[in-house]
Each structure stands twice: as C-alpha cells, then as structure tokens.
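In the two complexes below, subunit A is the common chain; its partner is subunit B in one and subunit C in the other.
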Partner chain A sequence: MDSKKINFKDPAEIKEEILQKYPRKVAMKRAKSMVANDTEQAKEIQSNVRTIPGIITQRGCTYAGCKGVVLGPTRDVINLTHGPIGCGYYSWLTRRNQTNTPSQDPNDKIDGENYIPYCFSTDMQDENIVFGGEKKLMEAIREAYEIFKPKAISVFSTCPIGLIGDDVHQVARAASEELGINVFGFSCEGYRGVSQSAGHHIANNGLLTHVVGRNDNGPEGKFKVNLLGEYNIGGDAFVLEQMFEELGITLISTFSGNSTITAFEQAHTADLNMVMCHRSINYIAEMMETKYGIPWIKINFIGADATAKSLRKMAVYFDDSELSAKVEAYIGKNMEIAEKVRSEVVKTTKGKLAMMFVGGSRAHHYQDLFEELEMPTIAAGYEFAHRDDYEGRQVLPGIKVDADSRNIEEISVSADPERYKPRKTEEQMAMLESKGFKFSDYEGMMAQMSNNALVIDDITHWETEKLVEYFQPAIFCAGIKEKYAVQKMGVPLKQLHSYDYGGPYAGFEGVINFYKEIERMVGTKIWQLIKAPWQGEPEIVGTVGMEI
Partner chain B sequence: MLLRHTTKEIKERNALTINPAKTCQPIGAMYAALGIHNCLPHSHGSQGCCSYHRSTLTRHYKEPIMAGTSSFTEGSSVFGGQANLLQAINNMFTIYDPDIIAIHTTCLSETIGDDIVQITKKASDEDMIPLGKHVIHCNTPSYVGSHVTGYANMVKGIVKYFAENSGEKSKRINIISGWVEPSDMREIKRMSKEMGVDIILLPDTSDVLDAPQTGKHAFYPKGGTTVTDLIAAGNSKHTIALGEWATKEAAIALENKCKVPFALSELPIGLRATDRFVQALAKFGGVKVADTINDERGRLLDVITDMHQYLYGKRVALWGDPDHLIPLSEFLIDLDMKPVYIVSGTPGKDFEPRIRKALGDRADETRFKYGAQADMYLMHQWIKEEPVDLLIGNTYGKYISRDENIPFVRMGFPILDRIGHSYFPFVGYLGAIRLLEKSSGCSWTSRMRSARKRPLNW
Partner chain C sequence: MEALKEKAFVSTRNACKLCTPLGASIAYKGIAGCVPLIHGSQGCATYIRRYLISHYKEPVDIASTNFSEESAIFGGQSNLFAALNNITKQYKPEIIGIATTCLSETIGDDMQAIIQHYQAQNTLPDSPQLTYVSTPSFKGTHANGYHDTVLALVKRFAAFTETNNAINLLPGFLSTADLRHLKEIMRDCGLPSIMLPDYSDTLDNEYNGSYEKVPEGGTSIEELVAAGSSRASIELGHILNHATSKESAGTYLEKNFSIPRFNLPIPIGIKASDEFFTILQRLSGAAMPQKYLKQRGRLVDAYVDGHKYVFGKKAIVYGEEDFVLSMVGFLEEIGLETVLCASGGGSGLLKKMISEKVNPRQDIMVRDDFDFEDIAVACRDLKPDLMIGNSKGYYIARELGIPLIRVGFPIHDRLGGQRIRHVGYEGTHELFEKIANALIEHMQEHSPVGYKYM
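And now, the complex of A and B:
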C-alpha cells in the first residue's frame, strides 16, 4: 500500500445505519452506490444511474451541464436559452467563470467581445408552448444579431422545447444562412440523461460538429496544446495561462475557461490535448484524436505534486531537452515557495479529516491538495460521474449502456481527409508507452483513496447528514445547496463549485491560496463559540470567562 | 466595462429578453412553502429546476433550502410523471418525515399535463400518506407570469387546502404576506403585537430562513405558519392581504371558501403604505394605534426631515416586483425624489394604473415598462440616455452600478452578492429608516470618492 494511504475502520456500521432509514427498494439501490474502498481488490460502484425521486439530490440537469458548464465560460458567443425565463436566469453569472477580455485594438477604447455578464432568453409564454416557439426563436436570434453583431450564437433547449417539438437545429441552420454567422443549437433538455453529465456530452458533440476545425490559422509555436476540462472558476485559467507562457507552451484553446469561439475553431491545430476534468470533456478528446490525430493525456493542475507531475508528463511527450529543463526549473522554484507555506499550514491541518462530494473530477483532484495538507479523505464521491471516473478507464468496455445513456447521441467521427495528421509515429507512441507513459488513460478516484474510505455516488442529503454526524470531519467539500446545512452542524463547508467566491486554486499560485484557505477554515475557533457560556460544557464557560 | 455591449440606441425587441427582471414561477412556490411549519417543498419536474431553485434561494438567504424533486427522465417525460411522484412522496415521508409535502409543477410537467390532484389521490389510496400528514399542491407553469405568480399560486394552494370555517368566528386577523424577507415577516408580526392585534401570518419564513446557528441542523426549523393556524385562518374575522400580485388570489380564495372578508393593501414599504397597514390593523383588529407605533412613525419623519436636503430631486431607477415597486415609488415621491425609470418583468395589467397612482402628478415624467421585454438591458439603456443618482433593486443592478458609477441599494429578490440583508426589514417605519440610511450612506460614500481631491464638509 502507498505510504500516504491509511487503513480506515470498515464503514459497514454507518452504511447499515444509513440504509436502514430507506424504503427497501431504495436501500437496495443506494447500497450499490456506497462502497468501502479496497486497496487490494478493485470494487465496482454503481454510478451514472437515475436519481431516485424524492431523496434530495445534489444533481442538476442536462441544460446546466451543457449551457452552464461547457459553453458558459466562452465570452464571444451569444448563448441564447430557448425556453421559459427561469433556466436562463438561474445560469446567469452563477458559475463564477471569469474571463479576460483583451482589447481588440490597442488604439481603440472599445474592448473585445464579452457576453458572459448578459443573460439571453426567448422567455417563452403559454402561446409559444401551444403554437410552437420556432418563430419566436428565429426572431430572437435576428434581434440578438441586429443589436450585438456577434460572430456566433448558440441556442440551448430547455425541457418544453423537446416536448413541443421545436426544431432548434433547423432554426439555427436557417439563421446561419440568413445572417452569415455561425448559429448552432443544442438539444440539451433538462430531462435527458440522468444528470449534468448528459449535457457535457451533448455540448462536446455540438462543439466538434459546429465549431472545431473551422479555422486553420491557429497561433504558431513549438509546443502547441489544448487544455480540456478547465472552466476558469475563480481565475484558475489565468494562473495556468501564465504558467504555460512562462514555459514557452502555446495554449491554442481551453475548453472552456477564459475561452473564445475563435480559439475553439483552431483547436485542431494543437499537438497535444491535456484533459483536466475527464468527466466533462473526455468525449471531445477522444473525437479529436480520431478526427485530427491529436493524442490526449490526463493531467491535473490542482495540487503542487499533481501540477509538477502533469508538467513533467507534458515535457516527456514533447521530448525536448530545453523544455524539460524549463519545466524542472519552474517546478523547483515554485515547489520551494509552496513548500514554505505548506510546512507552516500543515501544523494546523495535519491529521484532520476531509470529505468531498462534488462534481465529476473535483472530488478526486482536491484529494491531492488535502494529501499535501496531510488531511486524510475519509469519504468522497461524485455528483454526476460514471464508473470510469471512480474505477479507471479500463472498466469502460464492461459498462452496461442503459436506456438513459442510449438517449444521448453518440456522433460517429472519422479521420478528417485534410486535417488528420498523426502527431507521433506509432514507434514513438510505443516507445513512450514502454517507458510507462500513458495515453488516453485515467485511473479514477478509487485508486488513490485509502483502504475502507467510503465512496458514495450521487450522495443524498440524508447520507450527507449521517456522515457528518458519524465521522465529524474537520471540513466538508461540496456545493452551495449543501453548504449551510453542513455548517449548521458545526462543520465548515468549502464549496468546490464556486470556491466560495475565492480562488484561484489551480497551479502553484492556487495551491498556496488553497493551503491558506483550509488553514483558515479548520483553524478558526468560531465553531467553538456556538454554545453560549450558559449552555456549554464547563471548560468552554471557563475559557470564555477568562477572555472577558 | 462589464456590460460593454449595452448602448443607448434602443432597438425594438419582440422576442428577445436580455438580462431579465423576473424569473419563473416554481421558485416562488418553493419560497412560499418554506414559510409553512414542517413543510417540505417538492418540485415535480426535472432535477435541474429543483437544483436551480434551491441554489438561488440558498445564495440569497444563506440558509439550507431543503426540497425534493421528481427527477424526470426522458421516459417520464413521455409516459407522464405519476410513477416518479408517487415514489417521491413515499420516499420523502419515509426519509424526511414532513407534516406537509407542498408540490409545485414545472414547465415540463405542465406541458405533458400531469394531474397532481389525481396522482395525490392515488398516493392517498395506496396509503403512502401517513395519517395526519398532508400533500398539497399548486400549478406553476414557468411560461406564465413570474416568480411572484408562483408565490401567489402556492399561497392560494395553502389556503385552499387548509383553511376551515368551523362556524365560530375568532378575534384573529389573517395577514397574507407578499414575497419579502424573513426579517420583514418578523417585523410585520412585531408591529401587530405592538398594536395588540392577534394575527395569523401566512406564509411566515421568519425562524425558517434566518434560523440560528446551534451546532445542529434543524431540517424543519421552528418557524413557519403551523397547520393549526392555517386551519384557524378560516375562522378569522378579517384578512389583510399585503400586495396585489402575491396575495390577492389567496385572499379571494379564503373569502370564497370560509367567508373571511379581506382588505387588499400594499406591502408596508415607506411612510404612507405603512400608515395604511397600521390603519388596517387598527380598524380590523378593533384597537387604537399604539403609542410606540406613533413614536416609530415620528422617528421616521424625523429622519426624513433631517435628510431632505440630500434626497430632494434625486433621480432614481428601480426594478423588481410590482408589490415592492408601487409602495416604493410612492415613498420616493413623498421624499421629493424622482423615480424616473421603473422596470418589472412581472406581467399584470393593473401595474400601469397602480404605478401611475403611486407616482401622482409625477407619473408623466417616469418611464416604466412591465411584462415582456421589460428587462435590465432596457433599464440600462435608459440610464445611458440620461443617468440617475441612485439604483434600487436586486443583485442584477451591480454591473450597471459599476459601469455607470451610480450608488446602488440592494433590495428585493435575489440578492446574491451580499450577506446580512435578510436580517433587517425594509417594511414598516423602521424598514423605511433603513432604506433611507442605506440610500444616503451609499450616495455619500460615492460622492466622497469622486470628490477625493476636494474634501467636503461632512
């Protein structure tokens, strides 16, 4: 067993206690999504299955995954929500995607395009539901074009659109022809799939079909990469962009933190795809490899060790001594700064328990950071991941495709007759692989976790409360819906979706921010003041009394 | 510039809404249901609706928002959501043990035409609803009205399900509150108590959405209108409904069902709307206005006269819900301020005559728009054409405020970028003082900043 790993007590007791509360069928289903990790023998976990109605889930919908997550951070496209007002409203500026809009012309006072602070909706009314909304959609696209003259408009379907049969793709094609700009639609109705995950897949398909490959004039550079599955929450992308610049890496595009449609269009000119959030973006990595011959590797820029490891992996791929030297120097310099902070912070954090239930990659990536803080992860799970995100990609062929997944379109992709170009010869690939280099691979969360750590998929509110009560962790990581319930129980909750308005947490700069943030959260005495002196245990009365 | 593409040239729009000044019905239904004691709201639709509503309410109130969802899939969208709802009802009673499940629909379940009454009856027939527990509902199609409509529909649903006229009239007064903060509901109760009027407030989110930190998460906090009171509301001698958009339907339903007469008034925002509220309390409660309330009113007047020189003639832009905008406009006029731009995405043809009446002889100087395409983009364009001195509205004014350098008071729903707003009222005389303090405070700070090089004398 890895020296960082711990052998926790078998969590069978708490699992049993949790399941007892459920109706029989619910208990049977939930049991398969709750697994005690086994470091000796890989276990199967049920995931990417329907949420049971009424259990209080963290999950959102397909629209949220498509519009909110993948396309939301792109600044120069008008994202138009086709539906009643709510969906557009709730996804308006709520994911904290930041963007950096450079001026298009240094002499011009008008900055470049940025539609992220705007919310566009067709605000469908009952008559549109009865008589159809295609006309209104077409008119809304025209009005958006008339006013803003954007280079692209994308249309997102909400639940009623699929039901009433509006053909958003047809409208988008007609609008494209009429206006001479790229207009494309997504059938990302909220009821498709079982979670946001379906929306990621739909967004990946749409981007590959309608955007990637339309512009061959990408920036030049010796080492050209795309960063996939990075969404610039709290400014993460800015840190990584700076890092790449320092290392002489040309970042062609990021899907989709701080991104532009133009960069997406040029993505096929990169020589390596680096996949950060495997769950939300692995589809396009796969498809770009087939279509354009760009290999992909899994990387993680959350955590000092993970960042170093990922940079080295990238350097090995490019096989350039100058780059390797730069990477080593960069790591050496930054590791030293991070370690200085870490060694201080760890005095407060060491040995305290962490839990994280979030996303489709963050509940894994952030374990790296907690390891550095010497905080064991006692329990973790994803909100919308699939088995491969837990168990590793080797399980992919064995995953049974159920009806809900079959409803999500799989697009067939073949090598582009003009643009396909293998980036490495087969011999070069084999050579790298023989040295342990892994292409198109992801190990999953469980391989990293300790023995008997509890892994739970699509955790329910009931399970959340029981876990907090039972394990009394020093910190719980999840999202806004869980935050205040957990905090009411006296345990600080760190939001790993919005970063609690903090960040950046990526790269070395992010590492330091995160160390300090966790030190603040687990080090504060505020939680001990919850009981008034006349309510508390004698020692608390004494302490407070002395301070007065 | 944050809203860099907004220009003052207004092009007519008929289909496109940009930066809305409203959201959809179900979130209002969820908020109203949280004001019932031991009630678990349930969203009959896709998971995303529930997730978005819970997130937005959480971001505003900074409190846990518990609610269930029917988690529709493609199959349920084709075959109907009955199986999902039945399972949800059974699961929620088993796992979370509410006294009441308050179901609201979504655009999805409305479009496919799920019949909640029939499904609930089936749940009851199949013994899924434990004895003494309740499942109530309202229809909240997202493509009609706004979040205010959803609130109104849930309040009406609550009244229709529970209120009973036992034939014995009580001395109590019902107050049906529009959508305000828990602190406002607390203030309405305090003022009524001060007046010596025994009220039933419904809904009541105080002690629910401002629950104390105790180290324990009370899944159902101690607040909320109790079932006993909801039933007893049918015996009350009178109802005061605060806000036409949010409460009129419920007041009518209560009168129809239990013969409790009602008076429709505004939310007590500002001087004269609070005066009317106090008069209504005195009249229907059969009491004299309490001295302490007179003192409160006097303190407000004192602050107004102290501040008048700073408020006089100031141009204000406001947006939000009609029930807030109407009394707020009246108050601004009373202060000799100029509410020059008013926008509400919430439809309702009464808006025009009501806002005109509130604005009095200033009505023609004001640009206002409500309903379709009455949005924050339009509001910003008006401001670009001719600026204002103050903004009052929800969170979505912040970018306008920053781009145009205009002082901004956050009021209404949602306020996502501030903490603490739900602890202090905007209603009543005290609430009016708070509004004045906030308005003058941010205006002065902004004046001081722009005059940094030339110190002012205050």
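And now, the complex of A and C:
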C-alpha cells in the first residue's frame, strides 16, 4: 500500500445498518453496489444498472446527458428540444458551463455567436402527441434558422417522442437540405438508458457522425491536442486554455467546455486526445483513434500533483526537449505557489474526513485535491459511471451487455480512407509503452482509494443520510439535490457539479481556489449556533428583583 | 428581426411556464406526511427536484417510478408497485401523492385501475393512503398541475361528516411566507381554517441540526376529509386550472357539498386585500383586529409617500395568470403603468379577467401563451422602466438595463426567493417599497451626481 493510503476500519457494520431498512430484494441489489475497497485484491462493483423505482437517486435522464452535458456547452449550435416544455425548461442554463462571449474576446477569436442562453423547444401540445410532431419540429427548425442563421442546429428527443414515433433524424436530414446548414438529431429519450450516461454515449456517436471531420483547416501548431471531457464549469476550461497557451500547445478543440461547432469539425486534425472525464467521452476518443489514428491518454487537471503528472505525460508523448523544459519550468513555478497556500490550509484540514458522490469522474478526480489537503476520502462513488470507471478499463471485456446498453446504438467506425493517419509509428508506440507509458488506459477510482474505504454506486438518499450520520465527515461533496439534506445534518456540502457558483478548480489556479474554499468550509463555526443558549429547561438564577 | 415581430412562433423560445408535475409536486408537498411520486422516467423527477430544491433551498424528496424502455412499451404498473413498496418501507409516509408525466400519459396507463389493483393486494393497516392526479405536460402549465392536484385531493378525501366551523382556504400557488401570513390573518380573525395545501413549513423548514425525511407540517388527511364539511371556502385566483378542468377545488366543494365559495383575487394591493378582509369580516361577524387597520393605514401612508417615485413608470409583469392578474391590480393602484401582462399559461381568460376585475385606466397589452422571447421583442417598442416577475426574465432586464423586481416562482438567483411576501396589506407594503427602492436605486446609479438624498 502506498504511503498516502490508510487502512480504515471495516465498514461492514454501517453497510448492514443501511441494507436492513430496504425490502429484501432491494437490499440484495444494493449490496452489490456497496463495496469496501480492498487494496490487495481488486473487487467488483455493480454499476450502470437501473435505479430501483421509488428509491430517490441523484441520477438524471439520457436526454440530460446528451443535451445538457455534452452538447450544452457549445455556444454556436442551436439546441432544440423536441418534446413537451418541462424537459427543455429544466435544462435551460442550469449547468453553469461558461463560454467566451463576444464582449470578452477583444482579439475577435470567436464569431459572436452564443446561443447558450436560449432554450428552444417544440413545446408539444396534445394534438402533436396524437397526430405526431414532425411538422411542428420542421417548423421550429425553420424558425430557429430564420432568427439566428446559425451554422448548426441539433435536435434532442424527449420521452414522448420515441413513443409517438417521430423520426427526428429524417426531419433533420430534410432540414439540412432545405436550409443548407448542418442539422442533426439525437434519439436521446430519457427512458433509453439507466442514467445520463446513455445520453453521453448517444451524443458521442452523433458528434462523430455529424460533426467531427468536416473541416480540415484546423489551426497550425507543433503540438496539437484535443481536451476531451472538460465542460468549463466555473471557468475551468479558461484556466486550462491559458496553461496550454503558455506552454505552446495548440488546443484544437475541447469537448465541450467553451467550445464551438467549428472546433469540433476540426478535431480530427489534433495529434493527441487527452481525456479528462473518462465516462462521458471515452467513446469518441476510441472512435477517433480508429477513424483518424489519434491516440488517447487519460489525464487529470484537478489537483496540483495530478496536473503536474498529466503535463509530464503529455510532454513525454510529444518527445520534444524544448517542450519538456517548458513544462518543467511551468510546474516548478506553479508548484511553489500552490505549496505555499497548501501548507497554510492544511493546518485546518489535515486528518478531516471527506466524502464525494458525484458524476462520472469528479468523485475520482477530486480525491487528488483532498489528498493534497491531507483529508482522507472515507467513502466515494459515482452517480452514473460504469465498472471501468471504478475498477479500470481492464474489466471492459467482462462487462455484460444488458437490455439497457443494447438500447444505445453502437455505430461501426472504420479508418477514414483520406484522413486516417497514425500519429506515431508502431515502434514509437511500443517504445513509449515499454517505458510505462499507457495509451487508452484508465485505472479507475478504486485503485487510488484507501483500504476499506466505502465505494458506493448510485448512492441513494437514504444511504447518504446514514453515511453522514455514521462517519460525520468534515465535508460531503455532491450536488444541489443533496446539499440541503446533508447540511441539515450539520455537515457542509460542496457542490461539485456547479462548484457552488465558485471555481475555477482546474489547473494550478484552480487548486489554490479549492484549497482556500475547503479550508473555509471545514472551518466554519456556523454549526455551533444551532442551539440557542436559552433552549431547554430554564435555570432559575435569581428572584424577581434579580441581584446583579 | 423587424419582420419577426408580429410572427406567431410555433416553437417556444425561453418558456415562461414550467411543466405540470412540478405544480403537482408542490401541492403534494403541502400535505402532511406526503411523499410525491412522479410516474414516468426518472429524469422528470430529478429535474423537478432540482428546480424546487434550488428555489426553496430545502431538501425536497420526490420519488420516481423510473421507467425503462420496457415500461415505455408495456406500461408502468410493475414500476409503480415497486415504487410504492419502496417508498412505504423507507419513508413510512401517511400518503403518497402520484402525478403522471407526459410519458405515462402517452402510454395511457390507467392509473385508477392500477392503484385499485395495488390497494387490493396491500391491505395492511399502516399502508399509506394513495392519491393521484393526471398531469401530462402537453396540457397546461405548472399552474394547472398545481390546481388540478388540489382538486384531485379534495375529490379523493373531502367527505361530509358533520358541519364544522372551519373555512377552507384555497390559497393558490403562493410563497411560503404568503401562506404563513394568510394563516396568521385567519387566526387573528378568529376563523378556524383548513388551508389546502400548506407547504409553509415543509418547504421552508427551520434549522435544528437534524434532517427529517418527511418534514413536519402540511394539511393533514383529517383536514382534507373535513374540508367537505366546512362552512365556507375562500378560493384565491380567478383563472385557476381553467385550461385543464371545468372545475376547481372550490367549485367542486360547492357543487358536491354545498359549501359556499368565495372566489377572490390573490390579495395583492389594497383593493384585493380589502376584498379579502371584507369577506373575513363577514365570515367572522366580528370587527377586524386593530392590527390590520394599522397595517392598512401604514400601507396607505407608504403609497402617499412613495407615489412620486413610481407614478407613470412603465412596467412589464409576467408569471402565472392569476399572479399577473393580481399584480396588475396592485400596480394600477400605485400609479405604475403596466404596458405588458404576459403569461405562459393559456386559459384564454387573462385579458377578459384583467378588464373585468381590474378595469385599468388605459388599454394594456395582455398576452397569454407568451414566452420570454416574445416579451423581449415586445420590449423594444414598449420601453419599460422595470420588469416584475420571476428570475427567468433577468436576461431581458439586463439587456434593457432596467431593474427586475423578483417575485413569484422560480427565483434561483437570490436568497430568500421562497419566502418573499406578496399578500395582504403587509405583503403589499413590502412589495411596494421594493419596487420604489429599485426605481430610486436605478435613478441614483444612473445619475452623474452622487445624490444621497433622493
């Protein structure tokens, strides 16, 4: 076991206590999604399975993953929701993914299009459900075009659409022809998958099919990369963009923080794909490798050590001494600044327990930051990840394909006859690999966690409550849906979807923000005010003419 | 862009309405011991929870029947059964309030039959009560969902036992502070009341260091039953669920239990509050407590003092239809000129109601079935001085550089949005000062001189 790891007490007792309250069948199912981590022997965790009806979950729907997460942050595409009003309304500017707006960009690097603040919906009414909504959809696409003349419009289907059988793809094709712009549809009805995850996959497929590879004139540069699975929450992408610029790295596209359709179209011109959030984006990384010959590596820019490690990995790949020197200088300078802050805040944070249940990568990435704060992660889990995100990609061949995964169209991808170009020779790849360099690999969350730390997939509301009660962590990381329940129990909750409207937390700048934020949160004295001093039985200290 | 101005769009661009099960969930949250259950895919429940949680800043547990592709094809009965069992075991609720969604309605699940079937199998004495409401979002808005749920609840529970002395108070979709204030008024007037629903505690809970899964408070089932034996109902709002139903909770009780119904506007402004207090006085047969005379007097005093700041300013009001209706009445009183009343609701009654109930001095542009982009376009000609409504209109106010007075629902960009008071003399007073102060502040900030004496 490496030195950062702890040997926690076996959590069997709390697990038992949690399961007791469930009906028997539910308990049996949930037991498989709750695992005490074992640093000696890899364990299997059940994940990416249906949430049980009536058990309150953190998860959203397929539509949310497709429209909200992957396509949502792209500013120059109009996202049109085909369905009744709620689905579109609830995903209207709530994810806090930021983007450059025209006024922020004096160098005119962008074209002034920003449709993120708009929420277009076909707002299906009774008669559209009965007679079909294709006509209305076509009309809505024309309207969106008429108002903004965008270069692309994408259409997202919500639950009733699949049932009434509207063919959004057919309508999209017809609209493309009529308007002469790129219109593409997604069959991302909420019920299709077990969570947002299915929506990510559908979005990846659609982007590869309809967008990537349409424009060969990407920016020039010596080191060209794509950053995949970075969504610019709280301005993270801005920090990373600046970092790349300082290092002389050309960022062709980010999927999809601060992104544009044009950049997506040029993504195939990059020479390396760097994957942040493995869950939401690994599909397109894999497919781009097959289709265009771009290798991918897993990186993480959350945490000082992780950022340094990721930058070094990138430098090794490009194998350029000048770049390596630049990277080392950059790391050296920034580490020193970060360390100064860290050594201060750690006085408050050291030894306090953290828990995180969020997303499909953040519950892993943020463990790096908590390690630096010397706060052990006693329990963690994802909301919508799969086994490979927990146990590592080596388990992929063994994952059973169930009815829900079969719902998502697997697209067949082959090498592009014109654009496929291996970025390294086989010898070069083998050389790198022999030095321990890992392509297309992700070792998962559990490899990093301490012994007996509790790993829970798709944690339920009830389990959250019990865990907090039992472990009394100093901080709980999740989202807005959990925030007020956890805080009612006297534990601060850090939102890791929206960053509590703070951030950025990526790169070295982010590290410092996060250190300070957590110090403030775990050090707060607000919880001491819960009881009024005069609560309870009064203590009589004097008579009416009280003596002083 | 000019050509687009008068165009009627088929798409909705930045909607000024939410979906029906959200309204149902809020109403259910006002029933004691109730866990709402949304029958459909989990996304709807998750989105709705997130929306309510960020407005109320409270835990809001809403379960889902978590449809899969299979349930979408074969119907949601088995998912519903599983959900009911699991909620019962975890929450021990007194009642589970089911709301359907677009999905289950498109499939055509026969809720009544499914629930009967379930109840026939589950006869344990501690099984929760079940109730349901049909809330497809392709009919109506969150306001319809809300009122339809209140109606469904009285239909399900109200019964005639023996006449009691209570007044049913059907407040409509108001803030938690509004509900508390209404209860206080009823108490002060010596009128026992059954407020339906009452989420003043459940969605605005105090902090005490522990987490209650089913928070205390709400209208109890006994009260719901007793609502059929009350001596009168006061139903606030004139439009209610008109777009989706021929009857409201108040008219249902009147028709089936002969309970006289007093239908009043939401009491915002002096005139509407006067109407409300007049009815209370008639019902109590006693003089109004001094307290309210004083509150009213202070409000008149404030109008007099503040008139100079607000008079003649042009306002845009948007939100649920009944809310807009009352708000316009209030603005007329204080001399603000309403240039546009807009709602995402589509009862078709808004214009008629405004001319009937408010009878404004000048012709007001009234639009239902409107979205925020329609509002934005209208603003170019109307050149308003301020906007009054929920957070979602912020972007328009920002573009125009005018103040937005945040009222109604949802308010996601301010603290305390859930407990803004709008009703009664005091609520009106707070609202009036908020509006006047926003205009003063705007004037002050846009003046080249740093006046501190305005």
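Simple rule for what comes next: the second predicted complex is superposed on the first by the 524 of 548 C-alpha atoms of A that agree within 3 Å, B and C clash if a C-alpha of one lies under 4 Å from a C-alpha of the other, contacts with A are read in each partner's own complex, and residues count from 1 in each chain.
Keep this in mind: a residue touches a chain if its C-beta (ideal position, glycine included) is under 8 Å from a C-beta of that chain, and two chains touch if they have at least 3 such contacts.
Note that the coordinates shown come from a computational prediction; the quantities given were computed from them, not determined experimentally.
K.L.:
Clash or fit: subunit B against subunit C, after overlaying the two structures on subunit A?
P.N.:
Here the two partners, once superposed via subunit A, clash with each other.
K.L.:
Does the superposition put A:Ile164 against subunit B (first), subunit C (second), both, or neither?
P.N.:
Both partners.
K.L.:
Tell me the contact category for A:Met489 with respect to subunit B and subunit C: first, second, both or neither.
P.N.:
Touch status of A:Met489: both partners.
K.L.:
A:Asn114 in the overlay: touching subunit B, subunit C, both, or neither? Say first, second, both or neither.
P.N.:
first
K.L.:
Examine A:Phe131 and indicate which partner it touches, taking first as subunit B and second as subunit C; both and neither are also allowed.
P.N.:
A:Phe131 sits against neither subunit B nor subunit C.
K.L.:
Do subunit B and subunit C land on any of the same subunit A residues, and which?
P.N.:
Overlap of subunit B and subunit C footprints on subunit A: residues 21-23, 26, 50-64, 80, 83-92, 94, 117-126, 128-129, 136, 139-140, 143-144, 146-147, 158-160, 162-164, 189-192, 194, 403-404, 407, 461-462, 465, 479-481, 483-486, 488-490, 530-531.
K.L.:
If you look only at subunit A, which of its residues touch subunit C in the complex?
P.N.:
Checking each residue of subunit A against subunit C gives 21-23, 26, 50-64, 80, 83-92, 94, 117-126, 128-129, 136, 139-140, 143-144, 146-147, 158-160, 162-164, 189-192, 194, 403-404, 407, 461-462, 465, 479-481, 483-486, 488-490, 527, 530-531.
K.L.:
Show me the residue ranges of subunit C that touch subunit A in the complex, using the header's touch definition.
P.N.:
Residue positions touching the partner: 1, 4, 9-15, 17-22, 37, 40-44, 46-51, 53-54, 57-59, 61-72, 79-80, 82-87, 89-90, 101-103, 106-107, 136-139, 141, 205, 207-213, 373, 392, 395.
K.L.:
Quick check on the complex: what are the subunit A residues that touch subunit B?
P.N.:
Interface residues on subunit A, with respect to subunit B: 21-23, 26, 50-64, 80, 83-92, 94, 101, 110-111, 113-115, 117-126, 128-129, 136-137, 139-140, 142-144, 146-148, 158-160, 162-164, 189-195, 403-404, 407, 460-462, 465, 479-481, 483-490, 530-531.
K.L.:
Hey, which residues of subunit B end up touching subunit A in the complex?
P.N.:
Residues of subunit B touching subunit A: 1-5, 11, 13-20, 22-27, 42, 45-49, 51-56, 58-59, 62-77, 84-85, 87-92, 94-96, 106-108, 111-112, 141-144, 146, 211, 213-218, 345, 372-373, 377, 396, 399, 416.
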